[in-house]
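Chains: A, B and C, in written order; residue numbering restarts at 1 for each.
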Amino acid sequence: MLRRPATSTQITHLQRLWLYGLVGLVIAFLIIPCLIVVPMSFSDSQYLEFPPRVWSLRWYEAYFFSSEWRQSTWVSLKVGAVTTILATILGTLASYGLHKSTNVFKPIVRGMLVLPMMVPLIFVAIGVFFVYARLGLNNTIAGLVLAHTTLAIPFVMIAVGNGLSGFDMNLERAARGLGASPVRAFLTVTLPQIRISVLSGMLFAFVTSFDEVVVSIFVSSGANSTLTKRMFANIRDQVDPTVAAISSLLVVLSIVVLVAGQFIQRRGRSGPSPD
Amino acid sequence: MTVMVQETEPVVLNNSLLQRSRNLQGISFIGLSLPAAMLVAAVLIIPFSWLAWLSLFDAAGNLSTENYVRLLRPAYVDSFLTTFKVAGLVTAICVLLGYPVAYLLSQLPQRATQILMVFVILPFWTSVLVRTYAWLVLLQRQGIINQWLLSSGLISEPLPLVHNMTGTVIGMVHVMLPFLILPLYASMKAIDPVLLRAAANCGASPAQAFRQVFLPLSLSGLSAGIALTFVLCLGFYLTPALLGGGRVAMWSTQIADMVAKFANWGAASALSVVLLVVTGGILWGVNRFMRVPDAWGGKR
Amino acid sequence: MGAGKVSIRHVHKAYGAFKALDGISLDIYPGEFLTLLGPSGSGKTTLLNVIAGFERPDSGSLMVDDVEFITRPPHKRDLGMVFQNYALFPHMDVFDNVAYPLKLRGIDRESIRNRVMGALETVHMDKLEARRIGELSGGQRQRVALARAIVFEPKILLMDEPLSALDKNLREHMQMELKRLHNRLGMTTVYVTHDQQEALTMSDRIAVLDRGRVVQLDTPQNIYDHPNCKFVAGFMGETRFLPVEWRDNSYHLGNRSLRLASQPYCDVNGWLIVRPERLRWAGNAQRDNRIAGKIMDIVYRGDSHLISVSLAGNHEISIRHTGLEGKELPVPGQEIELWLTPEASVVVGDAVQ
């Protein structure tokens, strides 16, 4: 097996063994920190151990029975859900508009809309903190939603833009030619064709909001603290194993999201479903 | 028999009518992006411009360069240097670790690539906070790595791996590595494998073919990845704040401190403006510099 | 330096259940222009890649000038190759592309310059040595790729559909140029194409491949005039097949006995090959074979009219009418008689006998 050529220029697997080893180490470096908190969160000890000497659900109990943790989780879910809806609608509209527009200002608008993805989060954080203070939006759900929607729009736009670039605009023209109004043509022909991209844009939007920390640190506190804000404060002040339990749940969530994303794309690639 | 239209009537070209209709269409489509653009303006552009404007005034409200002059104090200059040092170090390590991964990804058969790609993307999807926390747990004094090193007898005292530069760099490399690997992989994937066959056919050994053909062709993707990684490092807040333990004063942590601890908006804004200019300058420079390699990488 | 002789013996290569090469044996003579011709999936490119060293066959032998090459890595084979899409290095200019094989061979700069300029002159590219690859047209890239393949004077030159990316006029022009170049340089050339016209124009010999086997190996003339099976006949020219039956010691088309000038390439029942240019408007009933039919439709083609004729048994053939036959252009529905000389009448079987 090892002596068989791995490339068309006849380099064997044996000759590339060092490369496989090196890449294996890098992958281990990437993956282990993402996964190691899961077994450690089942430790009974105040100091997290690996492998745990005594297994227990103690830190999960600490999470689920704490009204503060529950409340902040609820805030994060609410903000994430509303952000997903808003960002998907605004981002899809913007992406579609820019795709079809021939206006000279198109590059400027596009550049402006991807800006939230490019600038350091700390800028966004102090900016909204400063303005929200004048508008009374600090520590409100609405303030968080507005900021998170802004951050999520570029991701939705990129996902939908990918879908649109693979979409044959002649289909929409055909619909128009058959008598559909522009809105109807979009809703009945274009949108169904790019729905996979819109779905993955939604996924991005939710994750962007749910995982966002830096802006939340500044503009959420007290009863409206997000989960990440509370975790951040907790990690900075002491290493509380409850965070390990929450982190494990978040790791599981991200794996679910990743698998869901792959599944959506797989389905998308195999063509429109019969239903 | 000749067939020709006799133009007896004046020619109607409808130029102005058509132009107006075209303009209207252009506006109506770009208008769809208006709600999103307004939100971005309200949440990002206006607040930041407002802060940038404020940075031009001193505490008494007079126009002054005070906020910028203050940035020349040693504390700020140090943070400036620290930021560049960390960003440079993290980027360099990312290149060393990321290049082989991207290379292998681009060379493996599709199935293997898909599997390997999951390992690169999983960290991407995992919350930065969770990963930073994991590193804290791994690297702290009683953390796993120190425990293993102690029990294996390699060290007698726990190593200070976190709440310092070491921890910050390790944590940031972990966050940034996918940002380097993904664009690099994309550019390597675009290199036609037949070029390596052609090199072999010309008499190049695999090592020569890599050095003389593959490496030069991957440089445009590599420089894009380096620029992205470096710029992201410059403004990165979370990992230095948590793994630096207050000892690694980077730009972003200083901006946060000035706002949160001292409510010194003028200084924070000035620092942000400088950071923005530097970041924008690097991206602009790289973009300009990249034009040349793109010319031969793009079309074939 | 050897002569450039290639001996391929029993080469097998399978991808899973698909047999890309199914026991190919082939001798390529020094200095000849040999074309591997076949449809896609016939194994012609795989065979070329085996010779170049980019595919390792499952079994078999590949001797180049009596040296076993089968496991030799490609960069130690010293074979020139022109790739389908040229595979020019986009980060090097024209000169550096052509100089690349010479640099790898550690040749001094002075000689490199002379030889590169010589090679570029050979392909009429000597004025453009400083151009970037992105600035060249398809035909120019083709020439550079050719210069790079011949600059180190390999004994054997491999070409993988080198003209397929060019438009028709340029392709025909390059065919002539490649042919002349081969005559001048005299290196053994193995040429892969799916274009029968190209193969007929350029080759000394053609090997027709189908499903990983060499079906017929012969001169272009023989391949065209005397295909040894239905597949080869169908691959060359605009061929129609009429079923013939073996009875009473001769082949019959319908109930007429066929007069053949050469031995048929089948045992029992077979096919008569009918090509438009071999059909005659007039013939000798004592000597030639007669085919009766009815005109279906007439299509104007510029240089001629192409006329479809339907025959008994729901068969269809076509013939050209150039206006020089001394016959009026017929009209659809008209009954006519067409003629094939015995020399032009070739009967083949479904498979090679």
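Throughout what follows, a residue touches a chain if its C-beta (ideal position, glycine included) is under 8 Å from a C-beta of that chain, and two chains touch if they have at least 3 such contacts.
Chain identities (UniProt): A = Putative spermidine/putrescine transport system permease protein; B = ABC-type spermidine/putrescine transport system permease subunit I; C = Spermidine/putrescine import ATP-binding protein PotA.
Fair warning: this is a prediction, and the values are worked out from it, not measured in the lab.
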Q. Draw the chains as dots and join the ones that touch; what shape do you get: line, ring, star, complete or other?
A. complete
**Q.** Chain pair with the higher count of C-beta pairs in contact (B-C, A-C)
**A.** B-C
Q | Where chain A and chain B are represented by their mean Cα positions, the distance between them in whole Å | A | 17
Q | Rounded Å distance, chain A centre to chain C centre (Cα mean) | A | 56
**Q.** Chain centre separation (chain B, chain C; CA means) in Å
**A.** 53
**Q.** chain B residues counted as touching two or more neighbouring chains
**A.** 197, 199-200, 206, 209
(Q) Residues of chain A that contact two or more other chains, please. (A) 8-10
Q | Overlap residues in chain C, where contacts from two or more other chains coincide | A | 53-54, 73-75
Q | In the complex with chain A, residue positions of chain C that touch it | A | 49, 53-56, 73-75
Q: In the complex, go through chain B and note every residue touching chain C.
A: 192, 194-195, 197-206, 208-209, 212-213, 216-217, 293, 295-300
Q. Any idea which chain C residues touch chain B in the complex?
A. 52-54, 73-81, 83-85, 87-91, 100-101, 104-105, 132-134, 148-149, 152
Q | In the complex with chain C, residue positions of chain A that touch it | A | 5, 8-10
**Q.** Touch list for chain B against partner chain A, complex
**A.** 22, 25-27, 29-33, 35-37, 39-48, 50-51, 97-98, 100-101, 103-104, 107, 116, 118-123, 125-138, 140, 142, 144, 174, 177-178, 193, 196-197, 199-200, 206, 209, 232, 234-238, 241-242, 252, 255-256, 259-260, 265, 268-269, 272, 275-276, 279, 283
